[in-house]
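Chains here go by letter, A, B, C and D, matching the order in which they are written, and residues are numbered from 1 within each.
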Amino acid sequence: MTTVAVVYHSDSGTTKLMAEGVHEGVASVAGVKAQLYVIERSEIIEGHFQNEALLDSLDAADAIIFGCPTFMGDVSGPMKAFLDATLQRWYAHAWSGKLAAGFTISGTPSGDKLNSLQSLITCSMQLGMIWVGLDQNPVNREGRNRLGFYLGAGGQPVYGSDEPRLQDGDRETGVAHGARVAQIAKQLGSGA
Amino acid sequence: MTTVAVVYHSDSGTTKLMAEGVHEGVASVAGVKAQLYVIERSEIIEGHFQNEALLDSLDAADAIIFGCPTFMGDVSGPMKAFLDATLQRWYAHAWSGKLAAGFTISGTPSGDKLNSLQSLITCSMQLGMIWVGLDQNPVNREGRNRLGFYLGAGGQPVYGSDEPRLQDGDRETGVAHGARVAQIAKQLGSGA
Amino acid sequence: MTTVAVVYHSDSGTTKLMAEGVHEGVASVAGVKAQLYVIERSEIIEGHFQNEALLDSLDAADAIIFGCPTFMGDVSGPMKAFLDATLQRWYAHAWSGKLAAGFTISGTPSGDKLNSLQSLITCSMQLGMIWVGLDQNPVNREGRNRLGFYLGAGGQPVYGSDEPRLQDGDRETGVAHGARVAQIAKQLGSGA
Amino acid sequence: MTTVAVVYHSDSGTTKLMAEGVHEGVASVAGVKAQLYVIERSEIIEGHFQNEALLDSLDAADAIIFGCPTFMGDVSGPMKAFLDATLQRWYAHAWSGKLAAGFTISGTPSGDKLNSLQSLITCSMQLGMIWVGLDQNPVNREGRNRLGFYLGAGGQPVYGSDEPRLQDGDRETGVAHGARVAQIAKQLGSGA
């Protein structure tokens, strides 16, 4: 059975909402098992991500979708600590041939989210993974992919909300992204 | 006298509007001479930009602000042909120490404009130039820098307009960008 | 039958050598048809790439591998003109789901080749393609992937040579890259 | 008096060697005060960089040169935690108008170091800083800037060495880089 894992870091809770949307999209594809993993700040000891069990779980996935906020124009520090911890998989080519994809959140429409997606791609390519982008043309500048990202899914929080909220269309963008990755993972797996 | 040149390519006319805003911002700074140059498609012969006079004019500028649409996620083809033609300046270190800055337009809020700005920075760094960004925090997500760019100025056209129009705030973003580059060019020149 | 096309621009002839290596790698995979297309400067009229027949040929490919020199830190002007000309495929989602990959050549080990590969990825993602990287760990800093690229294949010319020559290992890097893309294209096609 | 700070993270000790070279270059410029600060893993608590005194020291600098290893294709996790901690300076525009520059080390010639430099630029631009690149044309592919970087200085370790060592030319690249940043900082300060 094809397995697609979503692994994310979220501080304020909006990336968590996006991750849940992506996970829902993955789960909507028949014959695909969806997994959701969270990177916790408490797992970072002296700058090292220390949850080896999470990395072991990902070893068994056919696709990994990485998500985090964009902080100061790049992936969040906790996500970077996690990515650093994939070094042993790099040595071993352990994730070679898996699919990779990404999503990120920041306060403004651009917010340099593209640089975060580029960093996620760069790490994925070092690991020998294959990158699946968003493939949603923003026809009407509303709804799905209203922000006009292509490397992955981008989102924005609603400010002044009492609880974490994504702007209209962003969760749907994530759902469609997860579904696309799952479908391609299934297709690639069937051909193996 | 400090001279700041704006050099741009525009097909539909919206990048031209942005360029005029940037130029206006440069001209608003006392003691700075503002210049506006356009890259024409007719100047590209077999993929080579052939207007040597334009390049010669830029040799005398203290700062050069590059502008173009983002096409398929990077600087427009005509801008790239122009950038290729700076090769002789690279050999000669002719533009070393000049300031550089950039702006770009595309149809969606992100629209991968950041990748175009990165390509403009990369070329500028090859030429030994010094990069000046936007420095406008998008406090209220409207008006100046409503899109949340930092490497340079980003804009979007208004669709369905009979004539080229920029979305509200984008021209003002360009004006402020031009003024900032001019002020820093003046400061750097005074210290030489 | 799975079809993989290599489309490249070359001025001095070294990118052509690399392209031939990549093409050889593609052709080495049983059941895969390899195609080689060249972007000519003469096909660029007023900055527009005008060879519609070449674009039509690519419509039928399962994977497209883009190659060009890195000029002033980004894809060469002729390659950019070609990429601009894929706009109709963007509107139509015509290349969605195809594989994409890339290679580039410049005079120094880094030479900002990574920025060219990022620009190729960005365009490919706008087109809805799926990106396949190099997946060659540079174990001994010689031979295959001696330069340490991951997003695609990088190469360098030999200077002072009477005819175009690539440095040792670079053509082999390209051959292995072509073979990998072909294998994944075949696998993805089998699962469709 | 013009003050230029070098702030770096180093695990194995080679980035430290590069940082010392950059610092030496800064100190070689008459009338410029050179400072050297280190980011320690022990200062990262739950993924947050906690050395507020270091950030306070940087507030007084005219230029900040950031250095770190490239891990998995981007700035090291500890450097990213540090960059995240500049958020309060972003809100306050506290570092606006300062110069910024960068250097990075990884095991292969390219090693995706360019992506790390892009991430450093992106953060610097969010902070309103002005980016100074390397400006060293790699004439003979040996010695200074033998690797062909432009956005900042790149280096590589010598493998199999008992103690940390940089490859020939890399420290000199760093020294020249530090000197250039110091000279431009002095010039900009004189013009203020």
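Basically, contacts are C-beta pairs under 8 Å (C-beta built on N, C-alpha and C of every residue); 3 or more make two chains touch, one makes a residue touch a chain.
The shown structure was predicted, so the numbers you read here are calculated from the model rather than taken from an experiment.
Novice: Find the chain most remote from chain B, comparing centres computed as mean CA coordinates.
Specialist: A
Novice: Across the interfaces B-D and B-C, which one involves more C-beta pairs in contact?
Specialist: Of B-D and B-C, more C-beta pairs in contact link B-C.
Novice: With chain centres taken as the means of their Cα atoms, state the distance from chain B to chain C in Å.
Specialist: Each chain reduced to its C-alpha mean, chain B and chain C end up 29 Å apart.
Novice: Residues of chain B that touch two or more other chains: which are they?
Specialist: Those would be 73, 90, 112, 115, 118, 122, 125-126, 150-151.
Novice: Mind pulling up the chain A residues that touch chain D in the complex?
Specialist: My answer: residues 41-42, 44, 46-49, 71-78, 80-81, 83-84, 86-87, 90, 112, 115, 118-119, 122-123, 125-127.
Novice: Give the list of chain C residues in touch with chain D in this complex.
Specialist: Interface residues on chain C, with respect to chain D: 73, 106-115, 138, 141, 146-151, 154, 159.
Novice: If you look only at chain D, which of its residues touch chain B in the complex?
Specialist: 90-91, 93, 96-97, 118, 121-122, 124-126, 128-135, 137, 150-151, 184, 186-192
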